[in-house]
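To start, the structure itself, in structure tokens.
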Amino acid sequence: MTAKTFRGGAHPPEQKDRSSGLAVERLRDVKQVVIPVNQHFGAPLQPLVKVGDYVKRGQKIADADGRMTVPVHASLAGIVKKIEPRTQSNNLDGPCIIIEAKQPEPVDGVVESTDDFMPPLDPFVCSKEEALARIRAAGIVGMGGAGFPTHVKLAPSKPISYVIANGAECEPYLTIDERTMIERPEDVVEGVAITMKIVNAPEGIIAVEENKMHAIPLLEKAIASSPRTRAGMKIRVQLLKTKYPQGGEKMLITAITGKEVPSGGLPMDVGCVVQNIGTLCAMVEAFRDGKPLIERGLTITGGACTKPANVIAPIGTPVADIIAAGLTAVDDEALRRIIYGGPMMGVAVPNYAIPVQKNTSGVLFMNEEEAVHYEEETCIRCGRCMRACPIRISPALLAVSVETGDYKEAEKIGLLDCIECGSCSFVCPAHRHLVQKFRVGKQILRTIKQKEAQNAR
Amino acid sequence: MDLIKIFLVAVLVNNVVLMRFLALCSYIGMTSDVGQSVGMGFAVTFVTVLATAATWPIYHFILVPLGLTFLQILIFILVIASLVQLVEFYLKKNIPGLYASMGIYLPLITTNCAILAVTFENISFKYSFIESIVYAVGVSIGYLLAMVLLAGLRDRMKSSPVPKFLQGTPILFITTALIGIAFMGFSGLIK
Amino acid sequence: MVTIVLITIAFSAILAFVLGTALGFFREKFKVERDPKIDEVREALPGANCGGCGFPGCDGYAEAVATGRSPTTKCTAGGSATAEAVSKIMGVDAAREDVVSVLLCQGTKDVAVSKGEYVGVQTCRAAKLSTGSVKACSWGCQGFGDCVNVCKFDALAMGEDGLPHVNYDNCTGCGMCAEECPQKLFVMVPREKKGSIVLCSNRNVIKANVLKTCKTGCIKCEICVKSCPEKCITMVNGIPVTDYSKCTSCGVCVQKCPTHAYKLLEVDVMGEKKKVPVLEA
Amino acid sequence: MKSLWKTFKQGIIYENPLLMLMIGLCSALAVTSSVSNGIGMGLAMTFVLLFSEIVISLFRKVIPNSARIPIFIIIIAAFTTMVDLVMKAYFPELSKSMGVFIPLIVVNCIIMGRVEAFASKQSFLPVVFDSLGMGLGYTWVLVAIAAFREILGNGTFAGIQVMPGNFQPILFFILPPGGFLVFGLLTSFNIWLKNRMAKSEKAKERA
Amino acid sequence: MPAKGMLLSSSPHSFTQISTPRMMLSVIIALIPASVYGVYLYGFQALALILVTVLSAVASEYLFRKLIKAKTTIGDFSAIVTGLLLALILPPKTPLWMGAMGAFFAIVVAKEFFGGLGANPFNPALTGRAFLLMSFPAAITTWTMPHGLALADATSTATPLALVRQGAALTDVAKYFGASDVGSLYRQLFMGYRSGSLGESSILLVLIGGLFLLALGVIQWIVPVSVIGSAFLFSWLLGMDPIFNILTGGVVFGAFFMATDYATRPLTPAGQAVFGIGIGLLTVIIRKFGGFPEGVTYAILIMNLATPYLNKMRVKKYGFVPPVKPAKPSKEAVK
Amino acid sequence: MKGIAKLGLVLAIFAAAACASLAVVYAITKPQIEAQDQIALTASLKEIFPEAVNFEDVTDKIASKDPNIKFLNAVLVKSENAPIGVAVKAAGPSYGGQATLLVGITLQRSIAGVRVLELKDTPGLGANANNPGYFVKKAEKVTFPGQFTGKYLTDAFAVKEDVIAITASTITSKSLTKIIKTAGDSAAEWLETVTADTSAETTGGK
């Protein structure tokens, strides 16, 4: 099998061997969770519970009307202690529901189940609408990063020819998707099959980077033994070159199908649906067990992490509690930077009390050596960024137009196309803060465009 | 061949701005934006050709026979000024589209010394009418070229950390000096 | 000698007459209506058409000034006199309320706790986008002086204390700073306005959380609301707001405020007591 | 008297046409490859400026507003022609080396600018001082640029050898690019001077 | 909880090891063979020239930065590259003080005035050379025959290009440099025994340096290939000997080391191709019609002028969709 | 309409006044200006032919063979009564544009002298041809045009071999030499026809 790839990209040091051999452990007996009300890409939600309420595990605690909303569920049975603004993993303060674990009093000697799950549903039997409703009801959002509502993604308005399971996991350090593919290959295959059924796709592809080669035999075995493939579904594994950002859905689609997602368009425009490995497993659980998305796997690692781990934790668990539970450990003295997410796209946060969220794929504890930061120097116009940019927008030129406030030119160059992958900043020998500038620039450009639209009206 | 030579010398070798120091005011003033510089360049081309077409016959068919060649300066500047005015009035009223894109540059042109210089030189170089027109086009294209080049560099310099004491006009002149050095490469190209 | 003089006179008189009439004629014929203010400004300009102003000729500049696209001081050829004249013309209807900008944050370096060591693009907007807020307080001033950079009138300067300071002599109330600040920390207040104002924008409703982040933040104790003899203070979105139609500048709220977030505009903000430890630029 | 003196001084430094107002640049650069050209041009320019301003100031009441621009042009052109003729007759060498730049005085933005902004509004005496000030301001800058360029680029000052014999002239400075560079540096120096003056003025105000 | 304040940075939080000084250093290394050979050909004088230009380039940058109270930047080594390149494109016999003056002009006027590294629109080393050529045309067009390390007084000669310009046929040129026929002249030019600028003599060594940079990824192939290719093509079209034309003068040296200068070449591939073709074309035109026997310096400087516009020739971005013009309602549709 | 006519009238008055005064200045300076060229030319001629007394205009009779080189003026130079040579004012292209030279030829077909009247080449380079302080033979203080004095037209005129070039200005040197040679040849040819008529008086070739 030849490894496919895309044009551009970079090769940041992988650093995956710290945790790639460690089996996923489940965190139990959590005392308290801090569940952010808004964990998806879309309109904000309203809490459905009040302080003092008793909630069951899996009970819906926040929701709202609207297409682009996904409910949030209690990941713990207990009492709602507070509903107040707390710092979330994007560094912003947002409303959180704080639940303290409490076993219910036995009524008549029997302890009522603390779980409040939905009945199982067979996705291959039910209608598409039912299936999508179940996905929404289970609170499933994309676990690959953006937190996009999966039920929206799985209702494309165009015919789909490929469902792609994104097992690239191109971010350095992170290994949770790799572990999932090794430990639960059947679920991954089942997830692909469910997705294929919902979007009516003829082919499913599980994309894996070369550095995760050892997962391929397991996946192939699972494919071969899956009842779905025996029933005629076409699923295969595709090998990809190890290169960042191979896991970006645009790069993934281009590598596999050779097509480019049109600027401003969506994967469905080229007949693709891309799903993260974690999302697939969450879907499988939602149908098979009726279990909403109340826990997720994440990798905790880094130079200041004395005990790297792949963990499954209830959503809302402060990372500090995972450490307290002994699953992992951090050397506070050496700790210099904390990142929620990977080193290329993650967010640096001030402390590790911040909870695990639906899209938290990892937490990095970096030591002094890893937490280098360079002063920005002037651009020497070497053009390395231009060659690294997978979107082929010219970062060096774009930076100039953003700096000089020429947003018209910036838009023409493709400011809004930037996927903020960070390849350009990574390769820049002058350590220019390119991505940060683009991020600010995008924000400003969007407000400019909004104003223009208003004026036009 | 001679006409081509006149043209190329005017554009490259003896560029009005870079080698002859003419039309500097608008060169410095009107190059902050590429579009603007192109507009100005074309407006100048238009008026220079018009001015040449008007002044050459006036000189040879009126001033010379009447023995009034000493009125050259006065007549030429008056003719050019009125010409510009008339063109402006005309455009404004009849072709507003063109006026919107070019008309705004017209007033600046009256005092653009390159145009007057071209009309004088047509006489002093003893050019024929056709040669004069070609020379006029050459000079103005040279002007346009210099404008566009500086405008491009200015655009680029917007993001450069130019030392404070050179910001603004000084660096423009220094840039021009370096453009001039590059243009030295054309010297001797046409003998 | 006499002949040449005579020929000259005859020729030039005829020529000038023809040109003059033609010009006048064309001007009449091709008249285009336009804003008289443009002409007025145009009249005040020297007509050198040198392009020094960056506009295409005096006409272009006149139009730009008259339509408010350009300041009145750009004509270099005419010098200061022209600038005055133009300003006078434009000033007639430029009469609007004289407002100035007031910063609603007192979180200097020593009283406001910082969240961590921010590195990256040194602008307030970038810092806020990447860190939420470089201060533990999410509402406070980021202190990179985006506002200072946009002020065209030299009215803002970054102080050593990490906050921008308004120079009320220079501030024209153009509102650029308010527009630019990502934290929306500036309000435009009439220059002569008197009364009390709270110099804090923290909308965190939990008292302890405020104090943890900033020693001079408004802790929502509502003492001001209770103590105001005129009953002119109400809480809006977690921030006390003075009703200036009732406020008498008695200063009770200022005295009662436990964290000194309440201030009097005329004394503490724009008056003699304002602190201006400004860095020399 | 004091205000006249101030008018005079304005042109020399504070509103120096070349350095501060940045107008009339063309001739300033073109003729400054030698000091004698610079002086010649400066004088020619001052002459035209002086007499144009005087005449226009004298006639300012009878000049109809709507025809003022053509009339100004006529007057300026007339004086320019006179200078041109006189130079041709009595200083043929100088006239030749300055070529087309003498006739170009007529479009020199300085003259039109001053005439419009000053002469058409003021009476005789201030006009004289203004034009002399402006002319002097123009001339000294020309001479300064020319001296720099001629000494470095040719080793001479106004034609007289001033650099030691084994000095290798740096031709760059008398070639056009050298002119631009020198002028660029001079404007930079002047902006610095202007800022300093503004600062000291502010300091005075504060005190 | 963390003991001290955490570093709050924006993503990415990881950076490459390759830095500006490292890239500059690789250019210096790539230039070593040509420099050493130059010293071997022209002796002590050449070594002194290299040292003087490098030192004055560095000193100029250091002092200028001090003067304007800016951060010292000599640590990025770019001034060394500029100084070294300037020495290598000057005649070996250039008086040392001229070399120093050229380096000063290159660094201060052409580079620092525009804001220093990366901000200069014109190639500093070439600007320095053009400045010297303008100022002291006699000295900068005085060439010497390679005379080895011997301190013997070098005799002035003409360069191959100057000979051709004066009307000599290639066979004459071959004779002049002691080659038996044109073929062996080519060989001799390739190996590097001829008069010319200090560093351009041996095409072989220049190529080695250039390929080293290509291999390291410090430079890309588009510019050198298009420069050399178009110089070859246009010489052939204009009836000159194409091989001779690329083997003499600074075409290869310029193509690999000067036209690739980051700050002054276009960034986009299409722009780079046009840039290179323009350089080749202008070089040939100046050689054939211009006032100078050699035109690479000016060709590159002139194309530098076009760089801002060439940068607009961008690559089609990922998933580019051509903007749809609002279709005019066709007449039928209106009906 | 009346306003327009008035405008024209005012303009006419000003123009007439201005031009009238101009005309006066012109009338005064005119003789001087016209004389200027002649004065300069005569001065140069006198330098080349010290014993010259009067000149006969023969411009129409001598034609240039090279289309790029134009003869602006040609005179037959006479002492008290006899012709002593021909002088041609010739213009041709050089490095920086047109160069105008005055070339004097003796009856013996040798060059009596060369004066550079106009040269636009680069100062310090080509312009050194017109620099009285620039010597091609330093020891003998011979300037570039000076080296031609006494040279016979039949001699070789190859630059850098027979003619010493100005340092780093081969182009200027070649151009000027070509102008001199063209002017000299044409003049000599014309002299041939003249001397054919008056061969009794002249002494013939060298």
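Chains here go by letter, A, B, C, D, E and F, matching the order in which they are written, and residues are numbered from 1 within each.
Criterion: a contact is a pair of C-beta atoms (placed from the backbone, for glycine too) under 8 Å apart; a residue touches a chain by one contact, two chains touch by 3 or more.
The structure displayed is predicted, hence computed values, not measured ones.
Asker: Going by the contact rule set out at the top, which chains touch both chain B and chain C?
Answerer: A chain counts here if it touches both chain B and chain C, which gives A, D, E, F.
Asker: List every chain that touches both chain A and chain C.
Answerer: Joint contacts, listed by label: B, E.
Asker: Measuring centre to centre, with centres taken as mean CA positions, what chain is farthest from chain B?
Answerer: With centres defined by C-alpha atoms, farthest from chain B sits A.
Asker: Can you compute the centre-to-centre distance for chain A and chain E, using the mean CA position of each chain? Integer Å is fine.
Answerer: The computed centroid separation for chain A versus chain E comes out at 48 Å.
Asker: Between chain E and chain F, what is the gap in Å from one C-alpha centre to the other?
Answerer: Result: the chain centres lie 45 Å from each other.
Asker: Starting from the mean Cα coordinates of chain A and chain B, work out the distance between those two points in Å.
Answerer: Distance between chain centres, rounded to whole Å: 61 Å.
Asker: Need the CA-centroid distance for the pair chain C / chain F, whole Å please.
Answerer: Result: the chain centres lie 69 Å from each other.
Asker: Send over the residues of chain C in touch with two or more other chains.
Answerer: Chain C, residues with two or more chain partners: 4, 7-8, 11-12, 15-16, 19-20, 23-24, 27, 48-50, 52, 115-116, 119-121, 126, 129-131.
Asker: Which residues belonging to chain E are in contact with no fewer than two other chains?
Answerer: 5-10, 109, 115-116, 119, 131, 134, 137, 291
Asker: Mark out which residues of chain B touch at least two other chains, giving numbers and ranges.
Answerer: Only 25, 28, 70-71, 74, 78, 82, 110-111, 156, 161, 165-166, 171, 174, 177-178, 181, 184, 187-188 qualify.
Asker: Could you list each pair of chains that touch one another?
Answerer: Applying the touch criterion to every chain pair yields A-B, A-C, A-E, B-C, B-D, B-E, B-F, C-D, C-E, C-F, D-E, D-F, E-F.
Asker: Which residues, counting only chain D, touch chain B once they are in their complex?
Answerer: Interface residues on the chain D side: 22-27, 29-30, 69-70, 73-74, 77-78, 80-81, 84-85, 100, 103-104, 106-109, 112, 175-181, 183-185, 187-188, 191-192.
Asker: Sort out for me which residues of chain B touch chain D in the complex.
Answerer: It is residues 18-25, 28, 70-74, 77-78, 81-82, 110-113, 116-117, 120-121, 124, 165-166, 168-174, 176-178, 180-181, 184 of chain B that touch chain D.
Asker: Which of the residues in chain E come into contact with chain F in the complex?
Answerer: It is residues 137-138, 141, 291 of chain E that touch chain F.
Asker: Any idea which chain E residues touch chain A in the complex?
Answerer: Per the touch definition, chain E meets chain A at residues 1-3, 5-16, 18-20, 22-23, 76, 78, 115-119, 220, 262-263, 265, 267-268, 311, 314-321.
Asker: Considering only the defined contacts, which chain A positions touch chain E in the complex?
Answerer: On the chain A side, the touching residues are 10, 12-13, 172, 250, 254, 260-265, 320, 332-333, 335-339, 341, 343-353, 366, 370-374, 377-384, 386, 390-394, 396-397, 413-414, 417, 420, 422-423, 425-431, 433, 435-436, 439.
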